[in-house]
C-alpha cells in the first residue's frame, strides 16, 4: 500500500483519535505514532474497536521502555489495523517511581501476553489484570531481590 | 564395569531441552531419521528418562531448567552418561552473558562428551555418540584440535 | 491401506536405502559449509577486531609464545585463539578480518571430551625459529 | 452409590484430576509445562507454565553492539532464524537509512522461503507422529533433509543460516548452485503432493484432525492469534502481503486461507503455503536480478543515528515483530521482540477446553509451538478466574466464553 491511499487511511485514523491525541508523528517505516494520556488508553481502544470492528484489528505487542534520566517509563501499544492495512502506535508516558496504567484485558484479551511480560521484565503495573505475578520467566534469584531486568539500572 | 560394557551395545538416548533455540533439537531429531539411522548402532530414543542410558542435553541451561536437569539426571539408572550438544550446552554460546542462564551443562552435571557446533550437524552428533561408545570400550574418545585440517577451502 | 500408500511401500522395497553409512562413508558436505576455522599467523596482524566482533566472546587474543618466527606486520605478537566450545560458527570473524587471515574448513567432526581450541592449528601455520622455514 | 445431585448444587470435592505434561515428556518436544485439569477424560482447565527457556535475550541485546546482535537474535529460534535476523536487520537498516541491492532482497526472500518449507514440513511430520503415524513422520523427515541440503547450499549451514547482514546478504549464489536448488525443489514438490494426498485420504489422520481444536474467527482476532492459526480460521492476515517488505512486492504469491477452523484446516493451510513457497523459490531462482548482493562487512557504517523503527515479518508461525530504538550510541537502547508463538501459545489455552486428554498434544502441535521463540521473555496464563464454586460442567462452559 503506497501513496494516496495510505495517506487517506492515516488521516481517517487521526480523525478517529483526534480527541485523545496529544501529538502525532511517524515511526519508520510508515507507522503512525499517536501520543495519548495513560488514563485514556481504555477509551482509545474502545473507540478503535467500535470504528474498525472487533475483527478488524488486533493488538500486536506492548513495548515498555525505561528512561531513568527523565524519570519516565514509556508504554507503546502496537495495533495492527489489518482491515485497512496499517499500523498504529499508541504511546503513553507514565512516571517511573509509580508505573501504573489501566489494563486492557477485558477489552482486548490478546493483551494478556504483553501485559504479563511488561510487568515481569519492567515492573509496569496493569491495574485490573488479576494474573500479574513475578518470576514466571525471570529466575527466582533475581525476582526475589525485586529486580526488573529491563530497567537500565537493574545491574543484571 | 560389566554394565558399562553392556550399555555400549544398545545405548538409549534421552533428550532434554534446557532452554535451547530448537536448532539443536531439530538436528537431534534429524539424526534419528532414515538418512542417518543410528539404530544401526543400537541407538534409540527412549520414551522416559528412567529407561535411558545417555542423556542428551541441548540448550544454555537456564536457571529454572537447571533444577530440572539435576532431577532428571538423578532419576536415570546407573551407568549413565551425559552428552552436551551444541555451543550452548558446551559453554553457553552467545547466551553466556545473560542473567538467566547458567551457561553450560557441566555446571550442573558431569559431561562425558561435548559436541560443539551451532548447531552440530546430525553426522557430528552421530560422531559424538560413536566416540562415546569407543570411550566406553576403553579407547580414548576425544581427539579435538588434532592439528589436521581436512577439506580446507 | 490406500493405493497411493501401497505404491509407496513397493517403491521403498525396490529402491536403494537412503541411509548414509555414516562412519564408513563420509557425508557429502558442501566445500564452503561453515566448519572449523583458525587464524593463519602469516597474515594476522594482531588487530583484535575478530575478538571484539565475536558475538559469543569465543575469541581471546593471546601472546605468541617465544620461539616462533612472527611476521613483522604483527608488531604486538598476539594472535586469536578460538574456543570451539563457545564458537557459534557464524564466520563474523572471517568476514571482518582486514587481512583475510582466517583459514576456513568444512570440518564438522569436533566431538571431544576435553577442551578444543585453535591454538595448535594456528601455531602450526608459522615456522619455529630454530628450524629454517620450509617452502 | 451417590445420590443424584441437582445441577445447581455445588460439588465441593475436587473431582478434577491434575495431569502435568512436560517439561520433559514423550508427547511434548518442548520445555513447557501444561497443567491439565480433567473431569474424567475431558479437559476443564489448562495452565500454561513456562520459564524453562527464558534466556533474557532482550537484555542481552542491549548489552551488545548492533552488529553482534544480528547473530544473537538469530539464535532466538533455530527453526526460524533467518526471519528473526531479517526482521532485526531491516529495523536497523531503517535507522541507518540503508537500502540493500535488489539481488540481496531476492536472496533474502529465498532463504526465508526455504526456511518456511522446512519448518512446515517439520511440524506436519510432528503432527503425524503425535497421532501415532510414525511411518509418515520418518518419510517426511527423510524428504525434509533435501530442503536442509538446499539451505546448506545457499547459506553454508543446515540450520543457523547467519545469512542476513545490514545492506545485503553474506553469501552470493552462482549458476551451479541455482541449478542444484531448482533440482531439489522439483524433487520436494513431488513428495509434498504425495503427502498432501496422504493427509487428505488417511482415515486415522482425518479422525484425529477434523473437528478437533476449533477456534472461531472472532476468538482468533480478540486473542491476537497470528499466522497459519489465524488463516485457518478464515482471517486473511499475512505480513508479506500487508507490509510488502524486501522483494515480496515483486514476487507473485497468494495468501492461503481456510474456513475449517480446526486442526485439519491448519494442516491444509500449511500444505497450501508449502506449494506457494516452492513456487516463490522457483520464481526467485529464475528471475534473480544481476548485481552485487554481498556488502563488504569491513566498510559498514559504525555510527548509528538516534531513532527508532518497527519491523515486521511473516515467520513460518505468523507475524514476528521487532522494535529497535537507538539513542545514538553503539548499542541499541531497546530491542523488543514479539514472536508469533508468544501469542499463539499463551493466549490460546481456551482452545483445549472440552477436548479429551489425548487430543491435547495434537492441538498443541497444530499451533506449531516454538517455546524458544516465545520465552526469551515471558509468561503465564492461568484461567484462574474460573476457580469459582460452580459445577464442573459450568466451569468448562465458562472457560469458552
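Details
First chain written, first letter: the chains are A, B, C and D, and each begins at residue 1.
The rule is simple: a contact is a pair of C-beta atoms (placed from the backbone, for glycine too) under 8 Å apart; a residue touches a chain by one contact, two chains touch by 3 or more.
These numbers were taken from a predicted model, which means no experiment stands behind them.
The chain with its Cα centre farthest from the Cα centre of chain A is C. Taking each chain's centre as the average of its CA atoms, chain A and chain C sit 45 Å apart. We define each chain's centre as the mean of its Cα atoms; on that basis chain B and chain D are separated by 26 Å. We define each chain's centre as the mean of its Cα atoms; on that basis chain B and chain C are separated by 21 Å. Chain C and chain D have Cα centroids lying 32 Å from one another. Shared contact sites, meaning residues of chain B that touch two or more other chains, fall at 34-35, 62, 64, 93-94, 97, 99-100, 118, 121. Counting only residues that touch two or more partner chains, chain D has 51, 54, 56, 59, 71-72, 75, 142, 160, 375. Chain contacts: chain A has residues 137-139, 149, 156 touching two or more partner chains.
Across the whole structure, chains are in contact as follows: A-B, A-D, B-C, B-D, C-D. For chain A in complex with chain B, the touching residues are 137-142, 149, 156. Listing the residues of chain D that touch chain B in their complex gives 23-24, 26, 29-31, 51-57, 59-60, 63, 71-72, 75-79, 81, 122, 138, 141-142, 144-145, 148, 158-160, 370-373, 375.
Within the complex formed with chain B, the chain C residues making contact are 17-23, 27, 29, 31-32, 35-36, 38, 55-57, 83-90, 103-121, 124. Put simply, chain D touches chain C in their complex at residues 64, 67-72, 74-75, 139, 142, 152-153, 156-157, 160, 162, 170-171, 194, 197-198, 201-202, 297-298. Partner chain D is touched in their complex by these residues of chain A: 1, 27-29, 31, 54-61, 63, 65, 76, 78, 80, 82, 85, 87, 89, 108-114, 116-117, 120-121, 130-131, 133, 135-139, 149-150, 156.
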